[in-house]
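Per-chain residue numbering starts at 1, and chain names A, B, C and D are given in the order in which the chains are listed.
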Amino acid sequence: MIFKVFDKKELKKLFDVLSSDNSIVGPVEIGADRNDQPIYAFSLVSDFNNIKLNYSTTKLPAKKFFLPFKEDLATFTIKEHGWQKNVDYNIDRPYIFFGLHACDINALNKLDKVLMGSTYPMPYYAAKRKNMFIVGIDCAPQPYCFCRSMGSDTVLHGFDMFLTDIGEEYFAEILSDTAYNFLKKINTRDPVEADHFLYMKSVSEKNKKFTAHVDTTDLTKILDMEFQSEVWKHWGQQCLACGTCSNVCPTCYCYGVEETVDINLKSARKTKSLYSCNLIDFAEVAGGHNFRPEQHIRLKYRYYHKHRGFVEAYEESLCVGCGRCGESCLAGIRVPEVIASVRRQED
Amino acid sequence: MKIDCNVNIRHLTRVEGHGNINIKITGGKLEHAKWEVVETPRFFEAMLVGKRWENAPWISGRICGICSIGHTLASIRAIENAFGIIPTELTSKLRLLLKHMETLQSHILHLYFLSGPDFLNAGSVFPLIESHPDVVLRAAGMKLLANDLCDCVGGRRLHPTRTIVGGFTMLPEKAELKGFKDRLIKAKDDLISTADLFQTFSIPDFSRETEFVSLKGERNYPFIGGDLVSTDGVIKKEHEYKLMTNEHLVEQSTSKWSRLSRNSFAVGALARINNNFDLLHPIANEIALSFGLKPVNHNPYMNNIAQLVECVHVVMESADLIDEFLDTELGEPKQKVIPKSGTGVGAVEVPRGILYHCYEFDDTGHILKCDCVIPTSQNHANIQHDLEELAKQYAEIGRQDREIELLAEMLVRSYDPCISCSVH
Amino acid sequence: MDTHLKFTDIKTEGRQKSHRRDDFEAFEFTYKSEITNIHQLTEMENLYRIQILDPEERKRFTFQPGQFLMLELPGIGEAPFSISSPPSRHGDVELCIRKAGNLTNFLAKISRGTHVGIRGPFGTNFPMEKMHSQNIFLIAGGLGLAPLRSAIAYAQDNRSRFNNVEIIYGAKDPSQLLFTYQYDTWQADDINLNIIVEKTDPSWKGPVGLITKILEEIFSKKDDDFFKNTYAIVCGPPVMFKFVCNMLGQKDIPMQKMFVSLERRMHCGMGKCCRCNVGSTYTCLKGPVFDYWSVMNLKEAI
Amino acid sequence: MAGDKAAKTYLGVPLFRPKVAFFELSSCEGCQLQIVNNEATLIDFFSLVEVVNFREAMTERSDNYDIAFVEGSITRSDERERLKKIRANAKILVALGSCACFGGVNQLKNRFDQAWVKNEVYGNFPVETEAARPLEDVVKVDLNIFGCPVKKEEVEKIVINLALGKAIVHPKYPVCMECKANENICLFDLGEPCLGPVTRGGCDSWCPNSKFGCWGCRGPAEDANIEQMKFIMKEYGFSEEVMLDRLECFGGFKTYAEEFRKSLPTVVTPSRKLFGTPPLKIRGGRGSYDSGEKDK
């Protein structure tokens, strides 16, 4: 891995270099909540000053740029006899993601495994994924962050450049030659030992700030053992079956497909919409039979998929510990508490 | 020639709501001519009793689907008046813009889809889609503009979601509003073509002297709030609306009737123009004159033309409002609302005339008493008297059943009555 | 240096010729096909004969008994269906489809010659080759006969490679029996056919009752050695295969030698949409055909 | 609409071009207006169906129709009779909008004694009215189209599906699902109440898109978790009355709302000063008015 160090003032220059020819997506402030805390979102930005690099967590992940909530998989031209299928992966340009946290980059890496890795890679995702350039940035743990428990507090790959604040300067990890070339446009220097020290200090200070934890020891086994546990009913009773947790999750990718005919009857479309396993009809089949008829079973399934099934398949969990779902859940169902209750850990 | 005539229309079509027309002429003599409102009453004034203030605009907007924006705004104004809230300039401008688009969409709907087919000898707009596609497309285009702009400012085209007491839940994007300017300019041209089309129609020549009531403009043509005025010279304050409407009940109608200096009066586009002619936009003014419309005009059929003139006026003014909005530094969209006890009245000119909402609140902002006076109900008595006069005049000159029936229908439609609203 | 990021294009034209599982273009690729014939089997089920139009593609389309494909009618819907025809007949397949919803009802209204799209084949299959030189029980309840028919055809085509072949088929009532016109040909190929119906009608001469009843009868006629060399394929509603597999288990048939086909909701068929997950196993990738041991290990499978 | 166009087909299957009629009972007619508000697709829309009765837009009338779209709720005996006639003529009876599906805002008057309601508005003048009811209280309803107002995109989709013979299924999930997909900031975060978590989706989170909390016009989502909703409202500092106002606004949550109203204490507020009132009890929330004073 190649490292560089550059003055914080250079960052704007880097932004300008990147934005002169490309579309940039970054964290911006979109309002304030009832406690006057800023609310952040990933959005297209053209002005460096609008980017809030010290943002906490965005409400929604950057998912919409590579896994849109709604997307046409195909359109059809209907002719007198027969039809023509038109496929478009819906990409028009590369995006630069400026300021993704480690958890969100890890989320992309996990999505890559399902959507790009295994059999039948999904071109709609892959095309967008291949057309992104990622500048990661370090973060300050929030009270709800448990990424460290999920091993997502640092990220080793899946980005082009990752910046860590070491005081007056940024410490940059460089993973791609594109990133290396971009950095040539600004003033950088090679790190010296003192920089390494500053870097490690910043990391250890960050680690001290984590307050939320999830014990993942033997979690797959425990989830299996506790499959019939009463605690699921407890959480199920609170769950609104609203799907918010999946929608704000950077790794939830389940979807449904619907085919519709346009009102002129001359065209039709096949549309994919992100769905949620917490919704009542997620596992309903023709004839009305529902394989997961009760809410606690559906809620359990979500945990089961993330913390057991995915581990079984890829040896890592499908949760990055960003805490978004717990923060957005009006019923206050939070992963650390749910897992702790399944493990019968009382605090 | 002495005629016998029997007109019996149950549930008049191409009007909003349910009303019947009954005319009986025997041997050239009018026996009776009746305008009956048979709409089922919905008791909004009772529904709201005991509810918190927040419910009022949201629920009372449901009095009418066509003028839901007007109802919402009147309700908000009444509440703001009761609580002593003065809307910011930005809020007032946006509300006016929204109001204008409702006026445009309602007038276009009426001119092209409801009363228009009468002049083009069609039963509805559907055959016109084939016989006059350009006309229908032009109307659809203008309606779409009005509706889209309502969506943009008010959240949706009916039962708006952004209009609240104290301002708006959110403001439209400047860029988005800017995009509407070109469409408004185009609408002006479309309205001029509409005027050309209406010049080819023969507007029935019929007049009956009556009184016209509307809001009184100070510097601008009036739409939201202000003094109340009549062509007979009555002037009242907004909160004295009861003295202007004098609602009473009559047997043939589930809607209440109104009277002022005479036994009936008229509200609506014609009344507004009769009272505020000089405040019209110059282009609107010009079009009015080209139809020979100037105050005080007593031909109820001319209400159609008055609506057309108003369309021009609101389109021109909306373009200006957008310019002003684009130049304004946007702040908080809404003010804080602190309820207090008291009574407030909101008077708003909706497409069919002047609309009043009045609420009395307790100190926690719960509604103790609610009163809504709808333009169409103010018009009912006038429609009735016009109908009698019309039947009488035409019976004398010996017109036939079908002709009288059509003229009677057209007369009622000219008022663009919104019956379900009048029986809220 | 140019600061413009290079746009990586992934070709968006659906692949025209080949079809590989690791190819981006395979994802939304449909074989354009024609419904060449429709045969009404019962009031609820039709048999559709579907031919891939392009001769090259047709040749390349191969499948194994137990696999399914996704059938698409533009604007109407897309759904998974087990292939019901002999695997020897490549891109010319038969699907036995029950009217159950939007797509299937519309299919019942179309006529011969209509174009449809098919994707696939997807999923696991019955491991027919492993069963060579063994006895096989082919046990079906209701519509479960549809996927089994492909295995039956395989057994017919490779009759010499199997010992005893026994079809056990249960249906609600005689009018719901599928593929009645083929029973003779099966028996002619020395395949035992045992049919039982739950509700009888005057035309019915055979046994009446649940499928377990007829199984017991058959079991009682076989000696213990028979079961040592036996495989079983069970297709039908979950309750049925639970009972049946338990009975087979009592005869000491190992769970790895029993195969069942699971049905779940599916929107992609390619391990993406998650709708078919059992526990967190994709039915479309790891299934629909599972050995019974795997099913036992899947939470909430039955 | 007159004129028999050649029957349309889709993929060779002839389509059903239904004769449709629109009727309204007690309502604001906004839902019908939504259909005419379809400017961009109006012509396509009307080529899928044959309109034979649409009082608001046309003069011709016919009683020969396949589908009757009925808007509004029942508040008078003659409406009941009309509805029964419509039912007898129609093959498919569609309840258009929340008034028809649940009673809509009209049913808010059911909180009161109907005699008081009449007196409040009409004094001694004789008018007929009865408690507002949804269509299905009187006749069998084949299909509900929820919303106040209905969403035109949804109506269009339903009509296309009717023509194609596709089943009409409403989303079972709550509004939040669509709200999140629309990238809205949750209103609870902004300190505003919202009924989205328990209200049936399908409106594409119409109100929250405008930063306006949902009032539940589409009725409850399947298996709506009302108990949890009450708890959330409380946690975010909204009074029970705020929750009740929304629950009872459109009638979709009737059973819950009635229970809830009963569970709340009756509060007595000072009687009115300006207008006389008959004896009247409003349970729950605020306001039970004792009559007493008549100082008008």
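Going forward, a residue touches a chain if its C-beta (ideal position, glycine included) is under 8 Å from a C-beta of that chain, and two chains touch if they have at least 3 such contacts.
Model, not experiment: these values are computed from the prediction.
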Chains in contact with chain B and also with chain D, listed by label, are none
Counting C-beta pairs in contact for C-D and for A-C, the higher total belongs to A-C
When centres are defined as mean Cα positions, the distance from chain A to chain B in whole Å is 52
The distance between the C-alpha centres of chain B and chain C, rounded to whole Å, is 66
Between the Cα centroids of chain C and chain D the separation in whole angstrom comes to 46
Chain-centre distance (mean CA atoms) for chain A and chain C, in whole Å, is 37
Chain A touches at least 2 other chains through residues 78, 81, 83, 260-261
Where chain C touches two or more other chains at once, the residues are 73-76, 101, 113, 115
Listed in rising order, chain B residues that touch 2 or more other chains are none
Pairwise touch list, complete, is A-C, A-D, B-D, C-D
Residue positions on chain A within touch of chain C in the complex are 17-18, 20-22, 73-74, 76, 78, 81-83, 85, 87-89, 91, 93-94, 96, 114-115, 118-124, 126-127, 130-131, 133, 178, 181-182, 184-185, 224, 227, 253-257, 259-262, 268-270, 275, 277, 282-287, 291-292, 297, 301, 304-305, 308-310, 312-313
Touching chain D in the complex, chain C uses residues 73-76, 101-102, 105-106, 109-111, 113-115
Chain C residues touching chain A in their complex are 1-10, 12-14, 21-28, 30, 32, 72-79, 100-101, 104, 113, 115, 117, 263-265, 267-268, 270-275, 277-281, 285, 299-300
Interface with chain D, chain B side, in the complex: residues 11, 13-17, 40-52, 54-55, 58-59, 62-66, 68, 109, 113-114, 117, 123-127, 129-130, 140-141, 143-144, 147, 155-159, 161-162, 164, 169-170, 249, 254, 343, 360, 362, 364, 366, 368-369, 420-421
The residues of chain D that touch chain B in their complex are 1-3, 24-34, 36-37, 39-40, 42-43, 46, 51, 54-61, 75-76, 78-79, 104-106, 108-109, 111-112, 116-118, 120-123, 125, 127, 129, 132, 148-149, 206-207, 209-212, 215, 241-242, 245, 249, 269-270, 272, 274-275, 282, 285-287, 289
